[in-house]
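Notes follow the structure.
Think of it as A, B, C and D in the order they're written, each chain with its own count starting at 1.
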């Protein structure tokens, strides 16, 4: 197809494969020219599975290919900022998984490279593209519930990650809540000014021993007066619990969990329905597809991507503020977090 | 009926009439001997409606009647503590509407009189008897969701009270949230140690001009580690929004709103169901009945009432802590609130 | 109270006690002057429980009391028609439990007596007053779903009655489906012209040995073209299953079961909600109250009662047609059932 | 990929394009070698869109290609049986859209060719693969509701097809209800022995003028005693209404409609949720994918296809019986329909 977009994928781990499958099978206007991974077998396996003509262990091989117009960065978090900068310098448009980095200096260095080279950067806050949450956002933005007053984000994982991951994750606020910080901004369309975070170790004491928490409630004060809460837990035995509620002067909107089927079973013990979808890739598959479609569209139509570098930066500021609030047990203004 | 309990009702306003109807028609083992109200016509009308043989303007006429074993105090809040003390001195068992008083000194004076005279006192936190909330509490207490981790209480009124009422109400935390503070203790069975409250004026600026707020989010830290939130708003256009969710290590429990009918209407515009019950007396009628049944049972069986004087005192402490937290924008320990 | 209606209750069995309690406690404008039952102890116990001043074993003592304006007939089905006729001759207004009788000749004799004596007769099709079903009917009648096309009535009991009862019940169509035949007429406001019934013995073979069936599907053709189905089963292990759906040119209405609480419990096994209310008196309590209020109102305001003698007769015709259809395995017109 | 299955697609209309997309993008083990359509432009467009190397106007070009192992027949209904026979003679495995034909003689001729040539034939009753319905079937088959007693199938289209289509459709029972006849067999795993159909023209009088009906209720008697109903309407203004309920001795299973999002909107007018998915391809996309996966798997693993030629034949018998029942207004045994 003549107007195909030529892309390269950097990182062929779990999420890299998800993006590869989507780019290969769900977006007909894309051609994947190459994939790279520091583990050569991973790159090769991904290439074979999705009919990608080239596999490399060095991402430079992708950046050096002049036919590649855009890259999808799915490598480990600690490489994101560097790869963004390099890709920008190579003139490639960039889709990068969240977070850009765990500290602002590194983020700002990457964003500066993007700015200087005039490429597009979209950060992988996929949940914005979830049909439930997008519907809520669109209804709020359209004024369907009047002036928003309260927002609640319930975001609980089925089970905690391995403790080895927890130790390098940057902490729950930057690893898990970061999605919810983005959601909080997305839903209301106003910035959060102050955060109060409280939490504890309720799931697994080894998480506490690693210096992290596994359960938290975060209160948000927005510039426009709205008050928000986020609750997080690293473990919900009934599955992946991802709900939101926005309450306003003319009504409320509440998004329930997605389920694998719509069957109700009644027996002598009760009335039973399906557990929420358990696995995040299954739960958010449509969102993963739609975010890449939006990225491709932004390039093809030369419009700003729907999730910008700044959208990638602010949730990190929020995560740092939440961490400070939790440690100092007081509300912390985002302005207290230095640039 | 020979084993009737003889009661007097003090206060024949809206809630007094609710209690009168329940005592007259729903609890066969009770005989109402007298009703009093500072407005004589109100007492007389109540007596006529519910076949009560005597109506007075002075509550002393009830306390002086040796045949009356128990009183139900439904007069204005500022009289509760005094009437409790007088009724205790007269040897009557006491059911009193919440709150006992808006300050701790007055409350403690009333509770001391109850203690000294060995009568029973039940405070009217009726929502504990709501079938939805009671089911959640019973399931939590039975360990059905393992160790509780998070609790959310959504409690929103259909519309704000008159501004004249707001001015004498003691403020939203003591007037409205007080029910939720009690619910928070009831559901979890552990005491709250620290409160962080944030809020604002989002419904009606005249409420702000009166020095109060109309919307709030309150975060609770319990002694057992549980984290709770309460959200309140003086106005929800879709009706009386009274929901809770308790999340624990083995599952979660969520109570939805009650509805007047269970009909789903599908048409070209959507799928529509009934608004929540709008009026608090309709919403909580079963709770009003069951709390009085429990009061009568506690007297007849000589057992402790299910909502004690201390249960009436602690939510006031919580309300005072919430007010202090809101004013000072910091978490406040309940121990900071002097006895 | 001067404008009280003075009533007598004939029959103090289970349903008689329900009506006695309602008349005693829920409808302030009624005074019960007497109760009768062929079992004197039953009449006496009912009188004691509900403060009824007189108890008799002979219903004539009620009919002979000139102060009694209306009777509520709750005796066994085989006495209904005779008692209606006697009460009519005594000039009493009559509320009678369904069915009037199991054969048309007996019914017509009773209705003739009502007609000749100019008294009011209301038949106890209580489900018309259920808030769910009434809401559906009112919406249909208001044209909210346009022209109705299909109606489905799901009506299943928690468990079959004793086989001794089954043997004298007149068969499932006249004992159980009769409520649904009435509901079918009530919802659509058009008469059924033809019935096709099929069924079987699926619950308990002794019901089959008694010559009856315990499970059936009945198809209804209405004069206005609407098609209806009724499904019945004498046993639903999950409780009392009472739902309806009406589908029309502009939408549909569906009434779900009533539940004892609105709590959702999620755990590792699923998402669980409450079973339907199990016991018919609990399920239809509001309907029992509202039908008697309507009866009292019809007398006080001298208006036609909302469920007439003809409304009591037609479902018996439908039950006889269903029986004939089942036996002959063919659609049967109501006009085939002799007047 | 070496173990690809090579297929050809016959018919590139709407459903042909759906199958082409699925075979092209959703089932990696399939290679589409050619597509044909009597309209050459349609075949060419399909080939271009899905990267199919060859496009023909004559289906013989596909049957003559020795590299093609299987064909997917999506041409007009009147060609199905002939193309099945030809493909069988060419030694191709066959997936064919329903119905095979509208008369049994034609069907039997096609099935004989399949039998004689030892190829596999799967008929496109896609709804068996819908996650909701499959879950119900699997639960029923596993005995989760004990012995089934009743089954209800509600199957209503958003709007009627063009009258030109109605005229050649074979009538509603063979065109629309045929899916439900298959579902009835699939859910219960027992054959239907007798059918009673009633119906009318309620949507559009021109459908009546064309000799067809647009609304029907069909009662089914199964060999194992179960009783079923199907209701159909050519128009439901709220969307594509596709629900089932199976009731048994130990409980019931009910499948609700699928919805585009799980957001509840509460405002002053009510509580609103999404309309059912409107378009059949969107509603049943997962089923279309899964039926083709099952077809491919049956070939690769050399197992019987999950929907056989006989499964394609019996619903036609049922449709003919329903038509006869409707015309003669009596229950018709399937054995009355000649072989």
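Methods note: a residue touches a chain if its C-beta (ideal position, glycine included) is under 8 Å from a C-beta of that chain, and two chains touch if they have at least 3 such contacts.
Everything quoted here is computed from the prediction, not taken from an experiment.
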Label of the chain whose CA centroid is most distant from the centroid of chain A: C
Selected from C-D, B-D or B-C, interface repeating A-B by over half of its contact pairs: C-D
Distance between chain centroids, defined by C-alpha means - chain A, chain C (Å): 58
For chain C paired with chain D, centre-to-centre distance based on mean C-alpha positions, whole Å: 43
Mean-CA-position distance for chain D and chain A (Å): 40
Residues of chain B engaged with two or more neighbouring chains: 237-238, 250-252, 266-268
Overall pattern in which the protein chains touch one another (line/ring/star/complete/other): complete
Touching residues (chain side chain A, partner chain C) in the complex: 237-238, 266-268, 270-275
List of chain B residues in touch with chain A within their complex: 147, 149-150, 152, 156, 196, 198-200, 202-203, 215-217, 219, 221, 225, 227, 229, 231, 233, 235-238, 241, 247, 249-252, 329-331
Residues on chain B engaged by chain C in the complex (per definition of touch): 25-26, 28, 49, 131-132, 135-136, 139, 144-145, 250-258, 260-268
